[in-house]
Structure formats: structure tokens, C-alpha cells
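Chain lettering (A, B and C) follows the sequence in which the chains are written, and residue indices restart at 1 in each chain.
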């Protein structure tokens, strides 16, 4: 049995398969392989997916896209590993086999690496628990010494000072299973479009790299690219790309 | 004490630990409550400890002042403490102090409790340091909660190199409005 | 300060006095300067003092953490101390946060992309938590990719109770060369 404890939207039962402390696909795999002593090739993916589909049916249409995509991510990672494992060791027939072998090695190497860090994290948790019981002396200076103190040196400018405030005042995220990898942040399309048009009108021509340079996330890069396609369809811009995968130059062609 | 499961500290040890973290004199009655021992026993142990430190010529002394007990540096060591204080290391603020100062600067007037809530760690000692350094001052009490409020001083502006509070850089979009925060304030 | 040379304190006493006023770990070199003694002698005395406190089961402990020496309360006395420093209990770190912290600790300076590659899951929100908690800090940008790099803070060492990064236990022998694996990270 596998289970992803997904962050649960209000009033909707989560999809239950069971691995405590799920934080990512590597974790799931480790749990399966190490804890249940399962060979990946024996993981009954079909059973897991059946359970998931049954779960969705129970919800009668009210299912959550986030949950579904998280499941897909897990299943895909599992499938990846399973496929790699099924390639027999030894005789390598063609390039595809080689690629699969490499994929297998890489996946296992990554798993081993991940496990090492996970163990290091567990060690840290132990230290933090013990050390959390010791409190450092942090007491204001005795009055007569305090008077001797030299002038305060802040050592930072207003900007760095503001960063301290920002760090302290930003609400701490409540601990939750991380589902950032499935929930894309929203992008303000109108603002992105206005920004692209303004830049292209000003500069006339720009590389896509330059246009995407200040994008805060991959999603914004994608959004800008799609917006450029849209502008192309409207005949507002022209593209130049001399070589495949080479630099894409965008030219403003509207008035 | 020697039982494996009973790692219960001695009264003396528990007392030393508490005295290490308090920076305002603490009365023997309070100590007795916290340590769950009779006041007379606590008082006797305090006196014994104080005498022991002195006899052993330790660098610290336990003294009863202003109605309470507190650890002080030994007078004989004053020259070294002064040198350390003047060393320049102390001119800089700790990260905790800078963070606390930043919260006061952007949320003033603000109570210690609120700063502690924002930072997630007790900020009393740090706030006292900021007061001693003249970066923060008393700004009256909150009408509702009667909590003491703090604000930054003109000296703070001078040290940061800005003319007035309006010159503080705006905070990013992730930071909730001050109003939003103070509305839900416990007081 | 009263009688000349009569009451010259011992190195041990002078050290104790200075340690009583530090509010951040202080290095033995700084102490040696302030106390005007050779660093080796200071270090030896620090160690002796630390051992003495422990042997005497004192309520305080002298420890070398986060690049310097500092007085702490003894772990056994935590229950009593906590009644005074009620920080609003330190929230435990999630498994995700611990994993991320481990990757940063062993691979610093490291970009978020690399951490994500190692963990197989996006680590942005977790990294923000670690930044907010002061366990991790900005370490500039990678010359090539322009990705922001992160490293652990001295506070991290202090919280873990270790002197420096060399005190981290070795990673499992099976860990493949990190660079080989993470170079293909999306950045």
C-alpha cells in the first residue's frame, strides 16, 4: 500500500495510500524499496492506480487537480524506475537499452544520494532536539558597562536593514506537505503582456533570453513565451532563429 | 541523582541555570515557585552559592540587589570586561538585535510581546539591549493592553543614515500590512 | 579600581567575567587579545573550565559552538529555564526542511535548483522557511548561472551545538559524487 498524504482541500477526503511523511517522489520510492523491502519491479502500479481511480469516482466529479497531478508525478517516477530496472543486466543490445541502463544507474545513484541527505537530516533533527534544551546566556549588559559602549555600528544600509524587517515580518509558512511542484503559481498575464509590449516598443528588437531574464519563475518564462506567440499571431512581432535551439530574436513589427 | 532514569538536576544546578538566563533580578519567592522548593531552602542555597563563588574567586558573583538575585561580573575582573566592551566587537549589533530593531522600525509603536510574536523568539533581552544602546525608546503604553510600547529614536535614524522614518525602504509584497497585523493583536 | 595589583584576578576568573557579558559566541583569539594571554593558554583554560563545570554538575555549561565559546544552561535544567524564557516553543522543522538543510549544509554554497535536484521535489518554500528561521543565508550568486546561492549560518552551528562544519558527520560512503548528479539541475 502506498499513500500520499496530500494537502487536503477543505471538506474533501484526500487520496489515501500509505507512506508516512511523504515529501516527494524520492521519498516515496525509498519508502517502498527500503521499508517494504520491495523490488521496484514488483510494485503493482496498476493496483495503486486502480485505487486512485476508485478514489476519484467516490468524489463524484469533485476531485482535485492538484491531487491528481501529484499522483501522476509519483506514478511517472515509479514507472521510470521500474522500466529501467526491467532491462536485464549484461547483454546490451541497442542504444535504447544503453539509455535505459544509464537511466537506471542515474536513478539509483540519485536515490542513494537522497537517502544519505535524508539520514543527515535525521541526525540534525536529533541534534536540534538535544540542543534545543540548552539556552545561551543573552543578557543585557550591566548598566555601568553599557555606558562604556562605543557608538553603535549598524554595519548595514537601509536596504539591508529593510531585508531584516522583511524576513521577520513575512508570515512563516505553516508546515504542510509541499505541493509546489504541482500547483503553479498564478501569473498576471495582463501585466506580463504590457511589460513585453513596452520593452519591445522601446527597444525594437530583443533576444528572448533578455526578455525572460527577470522572470521570477519558470512559469513566468513560459507565460512570456506564449504571449510572444500570441503577439506573433497578431502580427505584432517577428521571430528570427538562425539555428535550431539557438538564440531567438524578437522584433517589434507593429507600429 | 545516581539513578539512571533520574537525571533530575540538583537545586543548585537548577538555580544556576535560571540565574544564567534572567537579566533582571529575580526574587527568592519567584525562584522557589519555579524550582518547586520551600523559600527558606532556596534562600539558603542562594546564599551558599553566593559564598561559594566568592570563596572560589570566580569571575562572576551572585548578589541580591533591588529585591532580587542576579549574576554579576566580579568587581576584580572589571578591567577585562571593560576592555572587552570597548574592544569594538560590541559596537556591532547581533543578528537578533538587528532583526528586532527592524521590526520596531517598521511597526512602531510596538510592544515587546508583539515583537516576540513576530520573531517567534523571546525578545526581551534584545529589546533591553536596544534601549541601552539608545536606538529604541519608550513610547507610552497601549491604551487597551497597558503594554509598554517602543519606538525608534532620532539616534537610530542617524546611525542608519536616513533623515526620517519615511526614508525607510518599502517592504516587499509578501509582508502583510501593519494594520492587518495589529488588528488581530492580542493587545 | 581600588588596591593596585593586590587583587589581580586569575585567568580563569577574568575569562568567566568576560563570558558572562558576551551575547554571541566569542572566539579564543578575541578572548586572548582581551585577556592579554597567549591563545593556546586561553584555549586550554577554556577547555579546563568547560570540563570543570561539567564535572561539578553545574547548571551552566561552557561550550564551543558556531565558531566561538559561550555559556549555556545545562540541558538537564531545561524544564526550569523554560519557565523563564517561554519563547513560544520552537516549532520543529518538517522532514522537508531537515532534508533541505542537510543538502545546504553539505553542499554549500548551493542553489535552490541543486537542492531541488537532490530532493526530487521543489524546495523553494522550504528554503524560505530556513531563511526566515535564520538557519540559512544568501551567499551571493553563481558566476555562471546567476542562480542565488545559499549557505548555513553561524546560528545553524549554534543550534546544532557544533563548533564548525567539519563537525558534521560524514555522509554515507555510498553517496555518489554530488556534482556528477546535480550538474544537470535546472539551475
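Details
In this section, contacts are C-beta pairs under 8 Å (C-beta built on N, C-alpha and C of every residue); 3 or more make two chains touch, one makes a residue touch a chain.
Quick caveat, the model's predicted, so the values are computed rather than measured.
Chain C has its Cα centroid nearest to the centroid of all protein Cα atoms in the structure.
Judged by contacting C-beta pairs, the busier of the interfaces A-C and A-B is A-C.
Distance between chain centres (mean CA atoms), chain B to chain C: 21 Å. In whole angstrom, the spacing between the mean C-alpha positions of chain A and chain C is 28.
Centroids built from CA atoms put chain B at 40 Å from chain A. Touching two or more other chains at once are residues 135, 137-139, 141-142, 145, 167-168, 170, 172 of chain A. Annotation for chain B: residues 17, 20-22, 72-73, 81, 85, 99, 120, 125, 129 touch two or more other chains.
Across the complex, chain C meets chain B through its residues 1-2, 7-10, 12-24, 26, 30, 33-35, 57-60, 71-74, 76-77, 80-81, 83-88, 90-91, 134, 155. Contacts from chain A toward chain B in the complex involve residues 135, 137-143, 145-146, 148-159, 161-162, 164-172. Touching chain A in their complex are the following residues of chain B: 17, 20-23, 72-73, 81-82, 85-86, 88, 90-93, 96, 98-99, 101-103, 105-107, 118-120, 125-126, 128-129, 132-135, 159-162, 167-172, 174-176, 181.
Interface residues of chain A facing chain C in the complex, by the touch rule stated above, are 21, 23-27, 77, 106, 109-110, 112-125, 127-139, 141-142, 145, 167-168, 170, 172-173, 175, 177-178, 180-181, 218.
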